[in-house]
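Both complexes shown next keep subunit A, but they swap its partner, so subunit B is in the first and subunit C is in the second.
On to the complex of A and B.
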């Protein structure tokens, strides 16, 4: 058990160090949601605010609506980015070193996942701080209540990234992940528009959005930011985390997963 | 030992019940009043009224409530405890807004269709005077000393100054297009008049009846045509005014000293009138099109909650239940 914790600490620290050394990555991760918040959302300021949906108690501006979705965006992009780093690790050989450690593969992968999620959460809070400076505020306790939601959502998206990375053979293929995973997941969710708005244009679109695990991750964060629990989103996000994690463990199993085919 | 605890608990419970003050809201299209419990922020009672209730005000001792039932051509007098209409006052045709004189006896009523201000004695239930004013009178105000009454006329674009002793006009001042609401502030030294189409609030020096300032409103990303000031109320000490800006769906917070707009707060659709709770820490705005009342925290200037009421809520009035 002690060894397992030492390994976890080492992996998390490695993630943190990597993050500290890549300051531009931090800036990039922060700039992306801020551009959405301060440029994109500003144009839609008056567009929303015509309907009140939980957890909101009154009319809100679009900037307020979009904040939880952008927290999700940070977690999503970081989850994928860490999967990218895994592909890089594999190509450089440091992956082999990690996976030969005398500890269970699932544990090592989970540690890696936890490390990248903690880094993502730090970025989310940095984003929330900047949003606060621009007078987009949330209930005081919401910032604390969101922590477990951010952790679960971060683990889910990180696990998805891990699972995907086990299937990506080369770094170049990562562009495919952008096009076929990140963008559809982000745009077909409640991050940018509420589901009732989607239903107005297309029922099918609404159903796809409702089934998207990212929608539930965003809703879990949204409710938590207002110190409420969305039971349905919690169940969906937990289930999706378990499935993606199982896929990742399977994918990284040399006996069965894609690793064998890679040779 | 248990008894004092029990007594304290009971007292606490009783005091909680007693402190549950109310906001009364007239629903123009439902012919009802929605009563909001300020503690729970929920509608606890819905009371039937005459047709198209708009203006609403309580007597100074809160023993009766006066309601302008515009399409019933009556000012109705209601017992707030039972919700029973006690009697109708003669009001002239189409009463829209009114104001109760500080003597707690005379109502000054704007008769929108007749271009008349009617003065009614609520004790004898008779019309004391009818004063010709401009076309479509609406906004009504009485100075704190009771000497001056104001009627604003929507089409003539004027504030008409009435001497309450002689019940005659002694001055008329031009304001911007479609004046809707008037209030005396700072111990009656200033008169504020909102102009819906003009998009301004004009401030008059009461002693000279001359305009001393004008406030403009401008909200980012909202077309100026939609920024239409209507009802407004003042915080403690008349330091700030909260101004309903109609279809812009915002309430402006105006510094009453500098006449600068300090903040715009998003509320429901077509915000019209408003009233405060007891200590003026909360303000309740009526949002006509969205059919709800938004509760705004005065200190933080944040909208806390929107409460569904009837269709087209119009007027709001505070009622203490103690």
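On to the complex of A and C.
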């Protein structure tokens, strides 16, 4: 057991050290949601009327509405990016090295996931800090209450990326993942518009959004930021995390031979 | 036997990569796995490092069956991959500490082992340098030092000299040979470069997924230059 914990600490620390050396990544991860928050939101504000829905108790500005969605966006992009970087040959090498460690694959993959999720969460807090400087504030305890929600959502999205990385053969497919996974997941969710707004234009779209695990991750974060628990979102996110994680372990299981396709 | 491979077969779909491969390497022996490109060396390494699981046959590392006791087998295995697997932004010591921790070694024990391993490979004064600043030869040495941290009984090296200049290649090859003699570690060294093999080494000649020859290099080549023997056996220029 001690061995397993030593290894986990090292894997998390490695992610942190790598992150410190990649400041561009940090800036990029911060700029993306800030552009949404400060530019897009300003334009959309006029177009979108928001009614009072839980967890909000008063009318809120559009900027306030999309903050949880943008937290989710950071987790989504980072989760995909850190896992898909495995598709690079160079990174695949370090993955091979990791998998030669005398520990179970599931544990090694989980440790890796935890490491990248912790880094993502730091970025989310940096984003919330900038938002706060622009006067988009949340309840004080919300910042703390959001932590477990962010952790779970980050694990879910990282696990999804990890599962995808085991099935994707080449880097070129990253564009495919952007188009067919990241964008649909983000836009077909409650990140930018509430679900009832979706339902006004199309029931089908609403149903798709309601089934999207990213919607539930965002709602989990949204409620947590207001120190509330959204039970359904919690169940959905937990289930999705378990399923994605199982897929990742399956994908990296040598017996299944998914890796053989990469030769 | 430190490394035992028996009747190993593997195919990618309908394409057979390994067909009934069997060989064994004794303790402290340097075995060169020789074969032209596409002979099945990479597949064999993927099986030995558990990236793929064997479809037929068995592998035993230091007495541990890879299928029945994978973790015990991996604990006794050191690997140097063909592609570099260092974190270029981290220092040599940080890279080694990370790997030591994967094997459950931390703190002062790890630092002592790192110092010993780096010292043995003449890399001691570079411990604080970032891997990015190292030349190809030094990166390889770092990876070899890393692979030795947990005192493996078997060391696998997959074409470790690819892309290195001749003196560096010669130096590394000598280092590993010395290591076999001094520490008793068993080495399996995959290469297609015949000048890296000594007459006292074991040669396992792999061609089109099968073992063409297995024996002491001096006996196999029988006074012919090794490249000639290699070309004659495989029909490929060495």
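Note that the second predicted complex is superposed on the first by the 252 of 263 C-alpha atoms of A that agree within 3 Å, B and C clash if a C-alpha of one lies under 4 Å from a C-alpha of the other, contacts with A are read in each partner's own complex, and residues count from 1 in each chain.
What we mean here is this: a residue touches a chain if its C-beta (ideal position, glycine included) is under 8 Å from a C-beta of that chain, and two chains touch if they have at least 3 such contacts.
Please read these numbers as outputs of a predicted model, since none were measured by experiment.
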Determine, under the contact definition given at the top, whether A:10 touches first (subunit B), second (subunit C), both, or neither. second
Residue contacts on subunit A - larger count, subunit B or subunit C: C
Under the stated touch criterion, which partner chain does A:58 make contact with: subunit B (first), subunit C (second), both, or neither? first
Touching subunit B and also subunit C: which subunit A residues? none
Along subunit C, where are the residues that touch subunit A in the complex? 12, 42, 46, 49-53, 71-72, 74-75, 77, 79, 81, 83-85, 87, 89-90, 94, 97-99, 101-106
For subunit B, which residues are in contact with subunit A within the complex? 220-222, 249, 266-269, 290, 294-295, 302-306
Complex contacts: residues of subunit A adjacent to subunit B: 42-43, 45-46, 49-50, 52, 57-61, 137
The answer for subunit A against subunit C in the complex is residues 2-4, 6-7, 9-11, 13-14, 17-18, 21-22, 89-90, 92-94, 96-104, 254-255, 257, 259-260, 263
